[in-house]
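Working notes for the structure below.
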Amino acid sequence: MKTIKSRFEIFRQKTHIIIYGTNTFAGRLFDLILLGLILLSVLIVMMETVKGFDQKYHTELVFCEWVITLFFTIEYLLRIISINKPFRYIFSFYGIIDLIATLPMYLSLFFAGTSVLTTIRALRLLRLFKILNHPQFSSQSVHLKESILASRGRILVFMYFVLISCVIIGSLMYVVEGADAGFTSIPTSIYWCIVTLTTVGYGDISPVTPLGQFIASFVMILGYGIIAVPTGIITAEIAKNTLRKKSLKIHCFSCGSEDHLENAKFCQNCGSELDEAK
Amino acid sequence: MKTIKSRFEIFRQKTHIIIYGTNTFAGRLFDLILLGLILLSVLIVMMETVKGFDQKYHTELVFCEWVITLFFTIEYLLRIISINKPFRYIFSFYGIIDLIATLPMYLSLFFAGTSVLTTIRALRLLRLFKILNHPQFSSQSVHLKESILASRGRILVFMYFVLISCVIIGSLMYVVEGADAGFTSIPTSIYWCIVTLTTVGYGDISPVTPLGQFIASFVMILGYGIIAVPTGIITAEIAKNTLRKKSLKIHCFSCGSEDHLENAKFCQNCGSELDEAK
Amino acid sequence: MKTIKSRFEIFRQKTHIIIYGTNTFAGRLFDLILLGLILLSVLIVMMETVKGFDQKYHTELVFCEWVITLFFTIEYLLRIISINKPFRYIFSFYGIIDLIATLPMYLSLFFAGTSVLTTIRALRLLRLFKILNHPQFSSQSVHLKESILASRGRILVFMYFVLISCVIIGSLMYVVEGADAGFTSIPTSIYWCIVTLTTVGYGDISPVTPLGQFIASFVMILGYGIIAVPTGIITAEIAKNTLRKKSLKIHCFSCGSEDHLENAKFCQNCGSELDEAK
Amino acid sequence: MKTIKSRFEIFRQKTHIIIYGTNTFAGRLFDLILLGLILLSVLIVMMETVKGFDQKYHTELVFCEWVITLFFTIEYLLRIISINKPFRYIFSFYGIIDLIATLPMYLSLFFAGTSVLTTIRALRLLRLFKILNHPQFSSQSVHLKESILASRGRILVFMYFVLISCVIIGSLMYVVEGADAGFTSIPTSIYWCIVTLTTVGYGDISPVTPLGQFIASFVMILGYGIIAVPTGIITAEIAKNTLRKKSLKIHCFSCGSEDHLENAKFCQNCGSELDEAK
């Protein structure tokens, strides 16, 4: 009885290393296979919506979906078994997505109405973000994350300014252009203003009166100019991080100066040798 | 008699703290309620222009509008009463907007013609900018404002160059493409040029002759390239501010000055040595 | 006889100061009036192309044009008379444009065919660039010019890369999409590629086949990404100039250090007082 | 017999200097002629696809093509003869392109079906990249290459984020808008999302439902905002390189090292004091 328990414990530990770990060969192989299957499942969901392709290969697509769903189900159960605090995983962000990614297929056996279920399947794609936890990507993404978080406050102030401008200009254009030019309501006019300010410019709605075209020109030049603001904010943060990264590496223990090039051997300030230890 | 006056004075002071202050709980609550009502009133004006929604809920929308208008009217009167220099508020930017935001509803009782009044209602949205005075936003927005103001001169030179280029290229395209391709007049051609240079590209007017398409390609590449100029100007200013902000941490214990570069050893203000202890 | 000559000499000198100088009140007034008239003449040329407006006010527009043309003619003659080396002015860039700006009106008396002449009139707008020589703008524009000139080489390499990419991708899309989708020839396909890469996106030509849409997606992401390159180049140059401008102002004569904040009184490196003389 | 061999050796060496070298007058002239012919051949391929032009000058275009093809063939053979390790050239990137650039013309003598061959001809354009090896461009392009390579990792993380977002939003829009609005399948919806996120905005597919327009507005603002990220990454790298370039001027007379920061006092390589005389 005890042996079975200890055997199960060994199985749990091994499974934990393979599923959650990335240091062993098996762990990395598992991650690669999982990544491949997620991408494949996304591809299958995509191709099912392409009419011509789906009619030809419907059976094959459904079969593949069932195989992947089974794999995901087993993976989900193993994740719960092998972790010490299963409820923490189950109610975590990825835990919920892992569950939602498998459920629709089983539900489709009992209920019809595939169109609604397709929406839920799309959420499966969010699991792809997990790869960002892989070592080769994480240092880069942490760096980016820091810069973006540091500039969050100013970006929000900017977004706030952009949205209020869009509401005011949208209301103005609704009065100037009117419903005949496609500006059927203020929300639609705000939509047009966002399309124009962000320099997307679909052309599904475009001003026809001289005054409307004049205001539109102003919005375009505004949008063309103020894109400099978020760019400037984020660039300044990334530049600070990039320059700081360099200097953090080399510290002079004689004079405390920290502003050295990466390949420096001697302190640029006092001439004493730099400690290569760190 | 004296008591009534002093009671009124106490009421005035309390009202002043609630309406103009942001330090007390009541003051912050008032600001939040006001913000919510402004957003709601904007939403109501928007939804009134959506035909289907307005036909269904017209009575409800109008009722809400009257409630909000009454609140705004009372707020406006309290602002005048509780301030020491009422005329300074009445003729200030926000004072005029506060008045204009309430008037159209009262005028609509005596005069018909709602379409013109809708324009004035849109101005009510400008009051939303008041939130930028709230403490959590102000430090961030001051920072941005400084950077944008510092780069004003060069941005204007750039805008001047862009506008003259648009006039010249617009005139050229009017001759090259002509009225058949949609380039009906020089102002319209300038409008097209702004649409193209800012990379918006509606497609409502687009060149059809090979020469016109060649000039358009040139305009696009120009627009794609020179967006670097305003971005560069503002980024350089923001980067300067971001780097300076960092140095604020180095504090001089002799004179209290805090504005030093990171590698400073002596206070730039009094010349005494800076404490490296930090 | 001698008096007339000397009187003419005085007249020449006075005219020179007014027309070429910007230091006297008369000189600045002349520049303002000239600027106003240039803008007015541009506006008149514009409005002449707007059918409805031209039919109503044709006589007034033509009258205004003749008045301005006469003023420009007198100005042109005075410029020649009052300058010491007249031929250097006549064959200079602005000299030729000043002549071309007046000629078409006189030629229109003898020859018909106004549509061709309109093209030449548009060149008159180039004179507006003269304002960049005014003191308040020149320091700013010199700054920008320097940064753009310094990044010229790398911008050219980038443009070269963009153009070759457009030719290759354009040729590819001509084969993939073909004439039915609007890709009627390789030049047209290159035009489409420039429209897409610069994120203008008219939509007059857009891919319809899955492969074409896939290539188009690649071009869009490329264009969205590589806009970072010219922006980065110019931003780096402007940032260098912005930071250099600051440090150039304050030089420490004790230790030679030049890296000080603008408001520094003492050297941050050696603590000795900074010379405010410069 | 020996004389012929040595004569051939001299011919080989001379040819090598002309074809591969850029230091002699003949070598530079050869490069310029080659560049001109490549551009001409590209122009001819282009003009052949313009229906009207091709019908008029078909014979002339084909004649020019044969002349250039012959020149390219001779050049290809001379390159093989004059190089010491011919197989290294033949199987190099440019070697293969040089061969592919000449083959289609010869094949067209034996086989019909010109439309397929045109694709291969387009590859000839890649040879134009060779000019980047010319001295005046190489230093600039090396600089850019370094900056772009250094930011490769973070750009990839960003691209990964963008693509996943496009897949998720594309799937969402497929469900929200449906086939009637042009969102016929998930791949098409992803194509729309890329068109919108990159601010291209063709307008061939655009949302019609209020919810779809709301999601589209979100995508536009996202795309407008996150363009700051690649720009920031590359700008920071270029700025680092630009600032480092400046420091190259400070030269250490002890060890010859030149890579110092501007405010360095001691050589970072050997620790000896730097000459401030500059």
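We just call them A, B, C and D in the order they show up, numbering each chain from 1.
Just so it is clear, a contact is a pair of C-beta atoms (placed from the backbone, for glycine too) under 8 Å apart; a residue touches a chain by one contact, two chains touch by 3 or more.
Note that this is a predicted model, so its numbers are computed, not measured.
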* Asked: With respect to inter-chain C-beta contacts, which pair, A-C or A-D, contains the greater number?
  -> A-D
* Asked: Interface overlap for subunit B and subunit C, more than half of numbers shared or less than half: same or different?
  -> different
* Approximate Å spacing (C-alpha centroids) for the pair subunit A, subunit D -> 29
* Asked: Using CA atom averages as chain centres, what separation in Å is found between subunit A and subunit C?
  -> 42
* List, in ascending order, every residue of subunit B touching at least 2 other chains. => 187, 190, 199-203, 223, 227, 231, 233, 235, 237, 239, 263
* Asked: How about subunit D: which of its residues touch subunit A in the complex?
  -> 153-154, 156-158, 160, 164, 167-168, 171-172, 174-175, 184-187, 190, 196, 199-203, 206, 210, 213-214, 216-217, 220-221, 223-225, 227-229, 231-233, 235-237, 239-240, 244, 259-261, 263-273
* **Residues of subunit B defined as touching subunit A within the complex** => 42, 45-46, 49-51, 115, 118-119, 121-123, 125-126, 128-129, 131-132, 137, 140-141, 143-144, 147-148, 155, 159, 162, 187-188, 190-191, 194-195, 197-204, 223, 227, 230-231, 233-235, 237-239, 241-243, 246, 262-263, 276
* Asked: Which subunit A residues qualify as touching subunit C in the complex?
  -> 199-203, 231, 235
